[in-house]
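Contents: one structure, followed by commentary.
Order of writing sets the chain letters: A, B, C and D. Residues in each chain are counted from 1.
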Amino acid sequence: MGCTAQDVIAALRAGAATVTEHRDELIELDRVIGDADHGENMARGFRAVAAKIDTSAPETPGAVLKLCATVLISTVGGASGPLYGTAFLRAAAAVGDAPELDGAAVAKAVQAGLEGVVARGRAEVGDKTMVDALTPAVEAAKNAAESGEGPAKVLAAAAEAAQQGAEATEPLVARKGRASYLGERSAGHIDPGARSTALLLSAFAEAAGGR
Amino acid sequence: MGCTAQDVIAALRAGAATVTEHRDELIELDRVIGDADHGENMARGFRAVAAKIDTSAPETPGAVLKLCATVLISTVGGASGPLYGTAFLRAAAAVGDAPELDGAAVAKAVQAGLEGVVARGRAEVGDKTMVDALTPAVEAAKNAAESGEGPAKVLAAAAEAAQQGAEATEPLVARKGRASYLGERSAGHIDPGARSTALLLSAFAEAAGGR
Amino acid sequence: MKKIINDPAAVVAQSLQGMAAAHPDVLRVRTDPAVVVRADAPVAGKVAVVSGGGSGHEPLHGGFVGAGMLAAAVPGAVFTSPTPDAVQAAIEETNGGAGVLLVVKNYTGDVLNFETAAELAGLDGVDVRSVIVDDDVAVKDSTHTAGRRGVGGTVLLEKIVGAAAEQGADLDRCEELARRVVSRVRSMGMALTAPTVPHAGQPSFDLADGEMEIGIGIHGEPGRARVPLTSADDIVRQLLEPILEDLPFTSGDEVLLFTNSMGGTPLLELYLAHGIAERLLAERGIRVRRRLVGPYITSLEMQGMSLTLLKLDDELTELWDAPVHTAALHW
Amino acid sequence: MKKIINDPAAVVAQSLQGMAAAHPDVLRVRTDPAVVVRADAPVAGKVAVVSGGGSGHEPLHGGFVGAGMLAAAVPGAVFTSPTPDAVQAAIEETNGGAGVLLVVKNYTGDVLNFETAAELAGLDGVDVRSVIVDDDVAVKDSTHTAGRRGVGGTVLLEKIVGAAAEQGADLDRCEELARRVVSRVRSMGMALTAPTVPHAGQPSFDLADGEMEIGIGIHGEPGRARVPLTSADDIVRQLLEPILEDLPFTSGDEVLLFTNSMGGTPLLELYLAHGIAERLLAERGIRVRRRLVGPYITSLEMQGMSLTLLKLDDELTELWDAPVHTAALHW
């Protein structure tokens, strides 16, 4: 029922697969309003995460998340590296050394992740960043957890809300990140980081539900 | 009946008009197998010739040709500048200070021009250069003069032969000039200098006949 | 995509190998993580000025490593800021005991990654300071946004502060000088064509014949506006006026004028543009005391240019003139 | 056509204005006819090394004017060799009584125009010699043709002979040195894209994606062959092998390796290619003692590169290392 270290590993592997699969889509989103590297950055980072997980064997969900964080920080670079890295670092801290995570713990981890991103990037909702995907995801995860759902459903709720949040970035004028340099011209395009957040959460949810 | 200084001036003005009119065509011919400047070079040079003729007033055909030569040498550059410059210089020397040129004198001038080009450029017939236009032009001019034709007919014969010579450069593999760097790839294109020679002679012929 | 490369993923590493081979007297390259280090680092008792960022802007920053300028440069993937461990490695390789000054161009990624490295190095007892360069007047400055980009001013700052460090200035003074340069330098750029990021494989934006992007940065992001391509006179005016208004620069000022090619614009055009800028400045009574003309902070093969103006004082001028011995700047 | 220019017919003149403004300590520009002259010319008692040719190859030759290299450069229209009167003007401006050495790239136009100028200056009593550079192995050498083009070797020759002249070598020795360099230097180039001549307004050739031209020159003329675009490893091999075979260069030779960008190829790629060339040479036991990497003899905005190899001896190496103070080379 709960989410073990093995489950988190499986979720990260699924995340690695999804960002690799959507590498070109993320590059294209970033090409239009950024610098065309988000897909490459995410694929490089998660490829490294998957490789690292194969060689080490962290024993708690928190340890897996922390390993993921440090690998992302040292392989991604760009804006997304420290932001996602911090998100996973804070998520790891939030779950402590519990051997299994229930729905509420997962929801808390997602929330800690958002707080990490905001602490580092200082973006607000509506700035057209991954915060616009994570914020509704946190809300949805919390609601699902409060309704007593387990990790799979909590993540599924988060993923769906994140995707809606990502799509909602389309009309926005960016105020943070590279797209902000375009001013009004940034409107009309989905933020690549918001999209990758939705993709990751959706892969995590599928992996969690697929047991 | 003979060709006066005024007639030579008119011929050069016609030459200036024709290379200006065909500037883009000559650039295009040179673009394909050379460096895309022949039309610009010729237009620049003959524009300067026309301007210089307006301000000075040389009194013999030879003096007009010499002025043309020195202006071309100091304004054209490239391969065609010294080659055309020498051609006109030798033509000037060939006609001496005669006040009027008959058909035979014109034919001799064209021949001296060819000799000047060969002396400087050391090209032979078949090397795919202006020599391939000038050589048959000399022959045709000589024949016309020997049949007793005047300047207009002599130049018309030269022009026609030059144009045939220019067209005959198309299948040739260049051995001189910039096109020679292309080796076999130079075949299939008309030499720009041969074409400009034909254009000039044709303009001279028309000007001479148009009296 | 037309590039002289092997594997797109290996471009930066293989390029650094070639750079190391080309300049053995000036620099060495350490790998995993990749850092370009001056040949004689660490230099005992001297402040190490370290910079870095995404690759694709060459010669920035690796070309400025050497005596009188940078102690190290940290190259990330193309257009991607390097990771904190790479910055840490650069700090370790260059710290000669007098501290390290990080020169960071103002991009979210650069700021976050360098910040993290500085924090970690601080924990190890190294005195690390950071200075953020944000000289691009094309971007509206605001506390609610990512702020202005760091562009051409970075080159001038690295030269000037590097000279001070070489002369033995302490970390406080290097930091003060760096902030002084930031406060006195402004830039603006434009593009005729887009760069192609190797791993993306297609141009970063599509620009029709007869169009140009004005207010571009150095990462292939589109600019503030797409406008009709006009004459060089007009282009230079469009770049210069916002720069002059912003600081502002006024009659009587003495400046360093930096006319920069974005990579694909040849010197023939660049000198032409530089001459126009000199003339426009002279008309406004602004005296150009020093100049730099060439491709120094580029965006791969992008055609375009930027202008950077630094308000000089005697001290900055002397430091600009001080000897420098790097791959790209040498006097 | 996308260029930062005003009137295509005024490009060279306006660019020279900007160049003069950019480097007042190094050079001056004289107009009508246009000549770039070192600031302190004529230098009494020293041989003046003078070169020139069509514009569009910048920094060649104007960027090499200054102490330790060229006394003057004569820029023609884009890709068009200058006229004899311009060359004569350069001779007049620079002759310090020890004679003038003309460095002429082997193109019919350059040879004829410089020859004429040399003859005319000879009549005026100036001791003028000419050396013709023809280092491009892409072109088959033959007495029945225009012969090989002068390309990258020209840069190395100008540096080395310019250093000798600066040190006071007489005209005989400068001429001998120049011929020695010509006999020991070979080059080959390739292109990914074509340049656009301003007055022509369209690219000099059309090259599909996935194609490259091999054996190109510096005037936008197509190369010897159009072949599929391959890896950097393969491209460098295709350039290097004909060079090595031609002289030939063999194991134990010491060389200067010059990796040149044709203009539009960025340093990121150029260093990558340079590293490959270093490796291939090492594999063959050829020792790279000196190197030059950058855009030094270009073809407007053309993307592509060339390799030049000069077989060094101690004397050539010392002259290469001697101080130089020009816009483009400075040490």
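Heads up, the rule we're going with is that a contact is a pair of C-beta atoms (placed from the backbone, for glycine too) under 8 Å apart; a residue touches a chain by one contact, two chains touch by 3 or more.
Nothing here was measured: the structure is a model prediction, and the numbers come from that model.
**Student:** What chains touch chain A and also chain B?
**Tutor:** Intersection of chain A and chain B contact lists gives nothing.
**Student:** Quick check on the contact graph: shortest path length from chain A to chain D, in steps?
**Tutor:** 2
**Student:** Just how far, in Å, is the C-alpha centre of chain C from the one of chain B?
**Tutor:** Centre separation, chain B to chain C: 54 Å.
**Student:** Taking each chain's centre as the mean position of its Cα atoms, how many Å separate chain C from chain D?
**Tutor:** 29
**Student:** Nearest whole angstrom, what separates the Cα centre of chain B from the Cα centre of chain D?
**Tutor:** Centre separation, chain B to chain D: 32 Å.
**Student:** At which residue positions does chain C touch at least two other chains?
**Tutor:** Each of 78 in chain C touches at least two other chains.
**Student:** Among the residues of chain A, which are close enough to touch at least two other chains?
**Tutor:** none
**Student:** If you connect every pair of chains that touch, what shape comes out? Choose line, ring, star, complete or other.
**Tutor:** It is a line, because the chains touch in a row without closing up.
**Student:** Could you list each pair of chains that touch, in label order?
**Tutor:** Between chains, contact exists in these pairs: A-C, B-D, C-D.
**Student:** Give the list of chain C residues in touch with chain D in this complex.
**Tutor:** Residues in contact with chain D: 1-6, 11-12, 14-22, 55-56, 58-59, 63, 78, 192-193, 209, 212, 229, 231-233, 235, 259, 263-276, 278, 288, 291, 293, 295, 298, 300-301, 303, 305, 330-331.
**Student:** Considering the complex alone, what residue numbers of chain C touch chain A?
**Tutor:** By the definition above, chain C touches chain A via 33, 54, 76-85, 107-109, 112-113, 116, 138-140, 144-146, 149, 197, 199-200, 202, 204-205, 217, 219-225.
**Student:** Within the complex, which stretch of chain B touches chain D?
**Tutor:** 27, 31-37, 40-41, 44, 73-83, 120-121, 175-183, 185
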